[in-house]
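Each of the two complexes below includes subunit A, the first together with subunit B, the second together with subunit C.
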Partner chain A sequence: MTAVDSPKANLSAETPPTRRPWGTWALALVIGFLCVTPFILVIVISFGQKIDGAGWAWDFTFANYQRFFIGALWPEEVTLLHLQRLYYALYYAVIASVLAVLTAFPFTYLLTRQSRRAQSIWLVFILASLSLSEVFIVMGWDVLLSNRSGLPMLFEVSGATDWLKETGWFEVLREWGLANPRNVKFKTSEFATVLTMSYLVWPYAVILLYPALSRLDPSLTEAARTMGAGPARVMSSVILPTVKLPLIGAVLLLFVFLLGSYVTVVVFAEPAKQTTAVAVYESVRGSTLDAPFGAAQAVILLVTAAAFLALAQYLTKRSEIR
Partner chain B sequence: MAGLSLKYIRKSYGDVRAVENVSLDFTDGGLTALLGPSGCGKTTLLRMIAGLEDPSAGSISLGGRDITRLPAHKRKFGMVFQSFALFPHLNVSDNVSYALTIAGTPRGQAAARARELLDLVQLSAFAERRIGELSGGQRQRVAIARALAQEPDVFLLDEPMSALDAKLREDMQVELRQLQQRLGITTIVVTHDQHEAMTMADSIVVMSQGRVEQMGTPQAIYHHPENAFVADFIGKANFFDGVTEGGNVRIGQHLLQVTPPANFIDGSPVRMAVRPEKAMLAGADDGNRLPAKVTFVRDVGPVQDIHLDTPIGRMIVSDSESGQPLRVGDALQVTLPADAIHVFPRLSDQAAA
Partner chain C sequence: MGRTFGHIFMALSGLVLALPIIVVAGASLNGGRTMLFPPEDPNFARFVEFFVTETIWVQALQNSIIVAFGASTLAVLLAWPLAYILWARGSKASKVLAGLGSLPFALPPIVFGVGLGFLWAFTGNLGALWVGIVSHAALFLALPLVTISIGLQSIDRAHLDAAATMGATEAVTFRTVILPQTLPYSISGFFFALVLSFNEFIVMFFVSASAYATVTLQIFNSLRNGYTPTMAVAAVAFIVVSLAVFSAVARWGDLPRLMGADQSRN
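And then the complex of A and B:
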């Protein structure tokens, strides 16, 4: 039914027009402007041109995108540096989000089996921990993992380093990049980056999984038990399949969230393994001052995130149909 | 094989005693109903039999073997849950063959058994359906087929009809009973619906406040209730408080004859019960006749419930025969046959009716 057909619409057409629609339009315009303009601006700038020794100029060139995917000197030379940064962004985000959801899952499952009171205390605590900023958390882990204090010192003082050296594990850690010739080291390493990232999103993982797990009917697991399924079998044949989609959805959302992490990567990742998010900032604000290229990288990161969010949306829709 | 037996089963949650000192022997191949009001401990008892809860004290044995500490997945008693608890991620056939898949039965064999069972509950055409596409009655059939797939020693049903509408419920009661008789499997049904228990069960265990009040055949429980709770809970009953006098019951001016005589010391406080359909309006000569006045008439088709005011108190009489048109205010005689009067000790905590 179109609006014209409805009796209500006819009725309002007969009444004298009020000023209110204008106000609504104006408000919508302002909100639309504020929401959309930055995006459009970034997209438009990404096609702009950098002027050496100065700012940049409006243009319509794919040079920035070309530079991202195959390098500025193509076809003489192919550079995959920027793709590599995108790869590291994806790599850290995938591992950290999967790690966060894998560890949050058993915790949340056990949490939903507690009394109402215990559940609300835990949830309030977890929600409160969300108020900690990324900078604050990174600072904490920075102290904990730094070479002069924190864990490496604890390893050395407690004799764990010597024990590792005796048992040969020290060489393995060195291969993994988790030790220098003298002691274990966590900064800078992929390990520290991923660990801090998953710590960062862990409360989100719990909050994302909680609704699905608390809705899980306990009689489902009991039914499985009466049919001969032991605890492990109940988990694999009933609980996991039932909450499979919320699990995938949580991983995807956290993954997209982590694609843009900045502080963690700057502090913990090795210089050669920085991510696109860091590169964007360096292009726009850092030494190069190349806004068009920064914008192009931002657009590519945005499109990557959007693609994964669309996938999450699709999976959620499918779970609703069930 | 010797049957399922409970000895001195007790279950407490903190200070709350959910089940107290229950000892029961279940008839092999029979259907036993655990009947009682909500919160009487019947579901807790069933869950302890299934192995889903541990008793605080007492023992459960099956065929002479102590299974008190055996976990649920090793007991493998088929159980139908109140919510049916069907797995939403599996289709009907895979739900039914779940127990077999867990046990490692080859796929083809498990599927064949599932077809067989779905045939048994008349759902063969629905094997590939999703659980979400089934109606309540169909879900219940799937739940029953699924619980029977592992050929359990004991078949447990927790309020199986509560999710069904009234019409379907009666059909399913008959159907479930026929299925159970055909399979000859020891079955325990938890219900709060006395109709359901009377329809299906070989024997009924009436429970209240965690205790067994009476166990017996539906007929025995209805016609020979052992205490006031059973008389009240099973069917309807009119209650009167009085004292014994020579095996009979005195209520105020009236001495009511009781056969067989009540076995009490004279002067004992007792509670007397008469079923509404046992009291008669037409003038039988033997029995206790009392003058009465009609206060309300409830005509429900085949029977009339007539509310009466009598010298010993108010009562309801179900009249299906006389068919005489009664109006509020009519005076008449009501007869309480001596053999229809049940006499129970009156406990101090029972308020006067």
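And then the complex of A and C:
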């Protein structure tokens, strides 16, 4: 969605600012309570302490953060398990968001060259798939990628599996963990995780790139074409420089969105390659029941997300100035 | 040549986008209780199950509808004064307030969910249905805020000046000029929040505390036991609702403009 700028209305000249200030205060109070206190609570509780069998208690200890970065048993022993989970969260999110933007960019460019009516129809379809719950998307890809139906079956029936075996590619796939002795397999694998994640954000990528690309002045590209530039040249010297910043901004936003994805990772990632979001869930509501440690992991997720959001905001601002 | 290639690329993208949806839709027609694609003995028995006979799903659907309508109404009611102050005053404080209101939508939902879980546990309301409504309203406040702001910016200054010249008070101007012109944008914001609330589950998971289930939550809870065609019916129902809602927005509102297209070109 587009950022909202507010042109200062000359309405304020007609309305004295002293009018009903309590209304504004009440609104601020409600928003503060609903939108800000949850985050503050997470931060405060992350310094708390777990009590065995009785939940947790207020405290001011850095033990939860120490546990995250170097493990609870430090200095005797260093555990990098939690850092590794954060690494996987970043790793999946980076690849999936870059992939989504790279494929959504040409699509959105072509979309903006369509008639207004055709654009509306495509947008309805894209918005519908954008709002589709992660549980449904995972369900669909699960059926598509599971061993007894979907793609592996299609590989087997169509003879693609045999062809792969003959050409030797099958061994390569086995090395990548994408095949069992008999057929290709996609669950569980990094491939399935990243594929589903980038599917998840692809419609978002289109929606994010849409404003920048639809404001692209067609006379610029026409001018370049008249002066004898080929399509590739027009793309690299006219279009890409104009949309470079929105493009990077979109990658960052999708990246932040994917940092917190949960169902996809639970279903498609190998047990050893789960992410921080899954660990937060496990700590707060799952088997371990350690709310303060869950909160600490959530804070780390929050800080990471906020840092990248700030960067995206900065890039968007810069692209608006130009 | 380039044109044809472009069309093929767009069609292919559309196909990949539709692929899991097609598979789920196909699986929902299964006569048996296993998720097969292509479906075996296709019929609509699972649809009857989901909408009529199985109490778990009927109850979950009811909860989903209550939460989604309640939350999106509340979100629009909260977003209106916020968007209005932002537009009419444009003060630093109102910008900060709007930014704070958009926080839950911008940051990872799992963090917001955990925080809301703590908050409602303190107030002792964890697990109440109205808590789910309020939580979703906070999460999706950003959507009507954006659409209503776009609507307010599109109001022709000349209309406001005319109203002022003819001696209309702010209340009258608001009722006769501002409200009618921003109505389509408010409705769009309402529908965006509605559809996303329908499909959201992680925040709902933390605030419901297993006291009740919405449809997505019910599916998420049975994730480990495997999928059934009845769940696929839920997916089909939800995508149909989304398509209907966004078609309505496109029909009665200006979807390309809402999405930020340049309006000078048609």
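Just so it is clear, the second predicted complex is superposed on the first by the 293 of 322 C-alpha atoms of A that agree within 3 Å, B and C clash if a C-alpha of one lies under 4 Å from a C-alpha of the other, contacts with A are read in each partner's own complex, and residues count from 1 in each chain.
To be clear about the criterion, a residue touches a chain if its C-beta (ideal position, glycine included) is under 8 Å from a C-beta of that chain, and two chains touch if they have at least 3 such contacts.
This one's a predicted model, so the numbers in the text were calculated from it and none came from an experiment.
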Clash or fit, subunit B versus subunit C on superposed subunit A: fit
Which superposed partner A:Met227 touches (first subunit B, second subunit C, both, neither): first
Contacts of A:Ala179 with subunit B and subunit C, given as first, second, both or neither: neither
First, second, both or neither for A:Cys35, with subunit B first and subunit C second: second
Subunit B versus subunit C as contact partner of A:Gly260, first or second or both or neither: second
First (subunit B), second (subunit C), both or neither touched by A:Ala269: neither
Subunit C versus subunit B, contacts on subunit A by residue: C
First (subunit B), second (subunit C), both or neither touched by A:Ala296: neither
Touched partner set for A:Ser237, first subunit B, second subunit C, both or neither: first
Superposition-derived minimum Cα distance between subunit C and subunit B (Å): 13
Intersection of the subunit A residues that touch subunit B with those that touch subunit C: none
Contact footprint of subunit B on subunit A as seen in their complex: 217, 219-220, 222-230, 233, 237-238, 241-242, 244, 322
Subunit A partner contacts - residues on subunit B that touch it in the complex: 50-52, 71-79, 81-83, 85-90, 98-99, 101-103, 130, 132, 146-147, 149-150, 156
List of subunit C residues in touch with subunit A within their complex: 2, 6, 9-10, 13-14, 16-21, 23-24, 27, 35-37, 78, 81-82, 85-90, 94-95, 97-98, 100-101, 103-104, 106-112, 114-119, 122, 134-135, 137-138, 141-143, 145-146, 149-150, 153, 157, 160, 164, 170, 195-196, 198-202, 205-206, 216, 219-220, 223, 227, 231-232, 234-235, 238-239, 242-243, 246-247, 249-250, 255-256, 259-262, 265-266
Touching residues (chain side subunit A, partner subunit C) in the complex: 1-2, 4-12, 14-15, 17, 23-24, 27-28, 30-32, 34-42, 45, 103, 106-107, 110-113, 116, 119-129, 131-137, 139-144, 149-150, 199, 202-203, 207, 210-211, 214-215, 218, 231, 256-257, 259-260, 262-263, 266-267, 277, 280-281, 284-285, 291, 294-295, 298-299, 301-302, 305-306, 309
